[in-house]
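Structures incoming, each one as C-alpha cells.
In what comes next, subunit A is part of two complexes: it sits with subunit B in the first one and with subunit C in the second one.
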Partner chain A sequence: METKTIITGVIGADAHAVGNKIIAFALEDAGFKVVNLGVMVSQEEYIDAALETNADAIVVSSLYGHGEIDCNGLRQKCEEAGLKNIPLLVGGNLVVGKQDFAEVEKRFMEMGFTKAYPPGTSLETTIADLKAFTEN
Partner chain B sequence: MEIKNQKLSNDDFFAERKEVLQQWPTGKDVDFDEAVAYQKSIPAKKRFGVKLEQAVKDGTTLIQPRAGVALYKEHIELLKYLEDEGEADLLPTTIDSYTRLNRYKEAQVGIDKSFETGRSMLNGFPALNYGVHICREVTSALKSPVQVRHGTPDARLLTEISIAGGFTSYEGGGISYNIPYSKNFSIEHTIAHWQYTDRLIGLYEEAGVSINREPFGPLTGTLVPPCISNAVAVIEAVLAATQGVKDVTVGYGQCGNLIQDVAAIRSLESMTRKYLDQFSFTDVRISTVFHQWMGGFPQDESKSFGVISWGAAAAVLAKATKVIVKTPHEAVGIPTKEANAAGLKASKQLASMLQQQSFCDMPAVIAEAEIIMAEMTCILNKVEELGKGDWAKGTVLAFEAGVLDIPFAPSKYNAGKMMPARDNNGAIRILSCGNIPLSNELVLFHKQKLDERAAYENRAVSFQMVVDDVYAIGKGFLVGRPNGVK
Partner chain C sequence: MKFLTADFGSTYTKLTAIDSSEARIVGTANAFTTIETDIMDGFRAALADLEMKVGKFPYDKLLCCSSAGGGLKMVALGLVPELTSKAAKLAASSAGAKVVKTYAFEISTEEQAEIYNINPDLVLLCGGTDGGNKEVILANARKLCEIQRNFSVIVAGNKSASAELETIFQPSGKDYVITQNVMPVFNKLNIEPAKQCIRELFIKKIIDAKGLSGVQQLSSIEIIPTPLAVMNACELLSKGTSTTPGLNNLLAVDLGGATTDIYSMTDGKPSIDTILMKGLPEPYSKRTVEGDLGMRYSLNSLLDEAGVNVLSQEMGINEEAVEQWIQTCLSNPDIIAYTNNELQIEEGLARKAVELAVERHCGILESTYTPMGEIFSITGKDLTEVPYIIGIGGAIINSINPVKILEGALFNPNKALYMKPKKPKYLIDARYIFASMGLLCRVDSETALRLLKTEIQFAT
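== the complex of A and B ==
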C-alpha cells in the first residue's frame, strides 16, 4: 500500500511544541510520511507544504486558545489552491476556556474541518481516523 | 549584530527608545518623568518587590495565579475575584499570544470579536493595544501588587507601557522568552531586546523606582533538567543586573520528585547569589519562584487538585518565596475565575499549613543539590569560556554549540540534541547529553540512573520512555511505565 503523506503543525501564534513532536513521532511510527511544519504555522504554509508534497491530509494542532480565530478560512484557501476535499483534522485546546465540546465541534465543522477532536484525544484515535480518511 | 554584556549607554538607549515608542500609537502616551512620578505614587504595600522582600524575611511562600482576558473591565473583575475569593497574595496580568509576537492588529481583532461574542477570544490581556491609561485603571483597581506575565521575544514597547501603566514587576528574559516562545528570533536579537528592557528598569531604579524582574524559569516546562533551567536563570540574572536591575526573582518548574525539586530551588538560589556576588552585584535582591507542574494535566478536576497540591507542598517545603498556581481546568486551557480561585485556595491551604516545615536540610536534598550545582558549574564555565568572559557573547555561542540546549524547544536556534527522561524515582535525568558539557563522572551518574529504570521496565533506554513520561501525569503517574509494568 502506498505511503500517505500528512502535514502536521501548530497554527497561528502558538508556540506549544511538545505535542507536535510527539504527534510527528507517532504518525511516522504508524507508517505515514510526516511533513512537520513545527509551531507558529500560517494557513498559507500548510497549503504550500500540502501542494509541494502532494499531501493526503492536514493535521492542525492548536493549544493556546486562539484556534477559532486562526482556523477560520483554512478550508476556503484549500479549495482555492486546488486541494479539493483534502481531509482537514484539528485538535488540542481549540477555544478559550472550558466549553461544551459539542458546541466547539459544530463551529469547527462549519468552518469546513473533516474532524475536530476534544482535549485528551488519544493518538490511536487520530491515527485510525487518518488511515480511514486517506484510504483511496 | 554584535552584543556584549555591558550596560547600554544612554546615547544608544535613548536613540533606540525613540524608535520603540513609535512602534504602535499607544507608545506616544509614555513619558518617562511622568511615569516615574506615577510609580512613586504607588504605596509600598502595592509594590511587588516590597511584598517579596517581606516574604523572604518571614520565610513564607506567597501564592500567585496566571490570568488575563481580552476586555479590560472583565480583566479587572477577574483580578479582584482572584485576590478576594482566591486569596492571591500577588496578581498577574497575563498577556495574550498575539501581543507576545508583536501582532497588534490581530490583538485588536481579538478585542473586537470579544465585544461581539461576549466572551474572551484572546488567551490574555492585550496591554499594549490598551495603553498606559487603561493599564493604570487595572493596576490602581486592585489591593495587591500586579505583575506582567507573558512570553515575548521583543518586549521593549510592552515594557514601556507596562511600567508607565503602574505594574511593579515584569517577567521575562532574552533566553527564557525566546527559546520556548519563538521559532525564528535569533538569540542575539532577543538578548539585545531584553538588555533594553533591563536598562529601562535600571533607569527607573536610578530615578528611585524599584521594579522586580523575574526571568522565566520553567522554559519549555517539559522534563527540563534542573541544571539547564537553573543555568539559564543565573545567566539572565547576571545580564539583568548588568543593566541596573536591583531585584530579581529566579524560577524553576516542578518536576515532581520532591527531593529533586527542593534541591533545584536551593541550588538555584545559592548559585544566583554566588554569581551575582562574583560580578559585584551584591546589592541585587534575590527571591525564588516555584512553578506548579507545567506539563500535561489529568482531565479529571479532582485529580488535578492532587497535582496542584503536590506542587504547592513542594514549593513550601523548598521555602520558595512564591508559587505560581495551576487550576483544575488546566487540561482544557484557560480556566474560569472559579477554577482559578479554587487552585489558589488549595495552594493557600498548603502554604499556610506547611509553613514551619522545611526539606532544605535533608541529606538527600543536600546531595542532589551538590549534583545540580556541579552540573551548573560545568555549563556556566563553558559559557564563560566561549564568550571569553562575556556572558552575552558566551550565551549566543553556547546555543550554537548546543552547550545550552533546551528539550522540546520550538526555536530553530536550539540544537535539540539533548534528551531527558525520568529515572526510576521520577527524577529528571539526562538520556542523551548532546553537547551539554558535563564531566564524565556526571554523565555516568545519569546513565546509571536510567539503566536502573530500563532494567526495572525490561526495555531499552529510548525516546519511547520520554513519550511515556510526557503522558504520565495526565494518566495518573509520574514515571511513564510501559504496559504491564507498575
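== the complex of A and C ==
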C-alpha cells in the first residue's frame, strides 16, 4: 500500500506542544508519513503544507477552548485552494465549558469537518478512522 | 604568485592586481565595459590603465566574474508562495542570479507572456515535496515548453514527477537538466544541487551568449556571476578558513544602479529564547536581490514604494526638487551628484533603498495574544544581534557619508517588527575588492581573507 501523508498541528494561538508530539509519533508509528506543523498553526499553513506534500488528510488539534473560532472557514479555504474533499479531522478540548458533545460535533460537521472527536478519544480510534478515510 | 582579477560589470570592467607572496593589493583600475563590440577592448583599456599606475604586471593567473549584459537573468517557479516558490527564489539568488520574478501555482497565459517578455537566461522550475504534488510542476513544464524563448530550464522539484518531466521536455527542444528537489521534505531546504546546476549552466550557456568566451579562454578558472563572487567573499569573511577565524555574523549591502543586494551570514536564530520560529528555515548564507531598488535605472519603483512625500520629509528637501533629480537621473544614468542639494537627495535615496531592501531580507516578528499571554513568533532571520554591516558598491563607497546610507539597515523602533541589526559597527569596502576576493578565495583563501580583513575599513 502506498504511504499516506497526514498534516497535523495545533491550530490558532494554542501552544500545547506535548500532545502534538504524541499524536505525530503515534501516526508515524501507524505507518503514516507525518508532516507535523507544531503549535500555533494558522489555517493557511495547513493548506500550504497539504498542497506541497499532496496530503491525504489534515488532523487538527485544539486544546485551549477556542477551537470553534479557529477552525471556522478551514473547509472553505481548502476548497478554494483545490484540496477537494480532503478529510479534515479535529479533536482535543474544542469548546469551553461542559457542553453536550453531540451539539459540538454537529457544529463542526456543519463547518465541513469529516470527523470531530470529544476529549479523551484514544489515538487508536483516530488512526482507524484515518486509515478508512484515506483508503482509495 | 601574482593574480589579476577582472569583474566585467554592466558599466565598468574592474581590475585588481594582487601579489599573494606579499599579501597586498598592488593596484586597481577600471574602464568601460565594451560588450557591444569586443569585451576584450574594455579589458585591455583597463589593463593599460593599471600598468600606467603600477608598471608592468606579469600575472600568473587571471580570475574573472561577470554581470555584463544584465547579469544572469532568471525566473523561478514553485507551487506554494511561502514554500517551494520561496525556496526556488532563495536557490536562484544564492547562485548569483538576478531573479526578475517568482511565480507560484500553475502559471496563467498572461504569466507565460510575461516570461516571454522577461526573456530570462535560465528558468528554475520547482514544486512539490518528494512524493508530494506533481500536477503543478508538470503543468508548468508544459507551459514553459510553449514559450518561444531560448532559455534553459533547471528542474528541482518533486522527484516522483521526473520521469514524466523527461517526456515533456525531451521532445520540446528546450535545454533542460533535472536535479534534486529544493524542498525534498516539507520545510527542509536543499538548495545546493540547484545552485550547482545554475553555475554549470552559466558556464556552459551564458558565457558564450554574453560574448565572454574570449575572456574564458584567458581565464585560469571558470567565470562565475559577480554576485556569487561577492557572496563567496562574504562567506569567507564570516566563516574564515580552517586556520584563520572569520568575523562570524555579518550583513553586507551592495547598492548599485539597477539593484540592491543584501547578503546575510548568520544562522539568524531568535535572539530571545521564547520567540517561536515560523516558516521556511533559511540558510546561513542568504542573498536577496531587489531589482526594483537601485540608484539609477530603478529609481521610479523606489519612488513608488517609498512615496515622494516621505522621501522629501526625511531629506528635508521639497518634493519638486526630489522628483526633478530623479527624472534627471532616469534620463541620464551616468550623471553624478554635484551640488549640496543633489548630494543630499542621493544620500536620502540610497538610505531608503537600503532600508527597504533590508526590510525585505530580514525576519519579521509577529505578536499573538493567547490565553497564556502575548507570544512572539518570527518568520525569517533575526538579525538584531548582527555586529557588522558592510557597505559594498559605488553608491555607498563613493558617498561622503556612507554611514548615513548604511543606517537604513538599522533597527527602527517605529517599525519594530523588522528584525534589523540594533547595534552594528559599519565597515566599508573602500577599494571595491569584494568581488575580487571572492574570486581569489577559490585559489588562495588564506590571502583573500587576510586582504579582506586589512582592506575593509571601519566607518563612523
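In this section, the second predicted complex is superposed on the first by the 136 of 136 C-alpha atoms of A that agree within 3 Å, B and C clash if a C-alpha of one lies under 4 Å from a C-alpha of the other, contacts with A are read in each partner's own complex, and residues count from 1 in each chain.
Please note the rule applied: contacts are C-beta pairs under 8 Å (C-beta built on N, C-alpha and C of every residue); 3 or more make two chains touch, one makes a residue touch a chain.
Just so you know, these numbers come straight off a predicted model, no measurement behind them.
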| item | value |
| --- | --- |
| Clash or fit (per the criteria above) of subunit B with subunit C on subunit A | clash |
| Which of subunit B and subunit C A:Tyr64 touches, first, second, both or neither | both |
| Touched subunit A residues, subunit B compared with subunit C | B |
| Which of subunit B and subunit C A:Val35 touches, first, second, both or neither | second |
| Touched partner set for A:Ala15, first subunit B, second subunit C, both or neither | both |
| Touched partner set for A:Thr5, first subunit B, second subunit C, both or neither | second |
| Partner chain in contact with A:Glu52 - subunit B first, subunit C second, else both or neither | second |
| Touching partner for A:Glu79 - first (subunit B), second (subunit C), both, neither | neither |
| Residues on subunit A lying within both footprints (that of subunit B and that of subunit C) | 13-15, 39-40, 64-66 |
| Complex contact set, residues of subunit A against subunit C | 3, 5, 13-15, 33, 35, 39-40, 48-49, 51-55, 64-66 |
| Residues of subunit B defined as touching subunit A within the complex | 97-98, 100-101, 103, 106, 109-110, 113, 119-123, 151, 180-183, 220, 222, 295, 299, 329, 331-336, 339, 408-410, 463, 467, 470, 474 |
| Subunit A residues within the subunit B interface of the complex | 12-15, 17-18, 21-22, 25-26, 38-40, 63-66, 68-69, 93, 95-98, 119-120 |
| Residues of subunit C defined as touching subunit A within the complex | 79-80, 82-84, 127-129, 131-134, 183, 186-187, 276, 278, 368-372, 375, 377 |
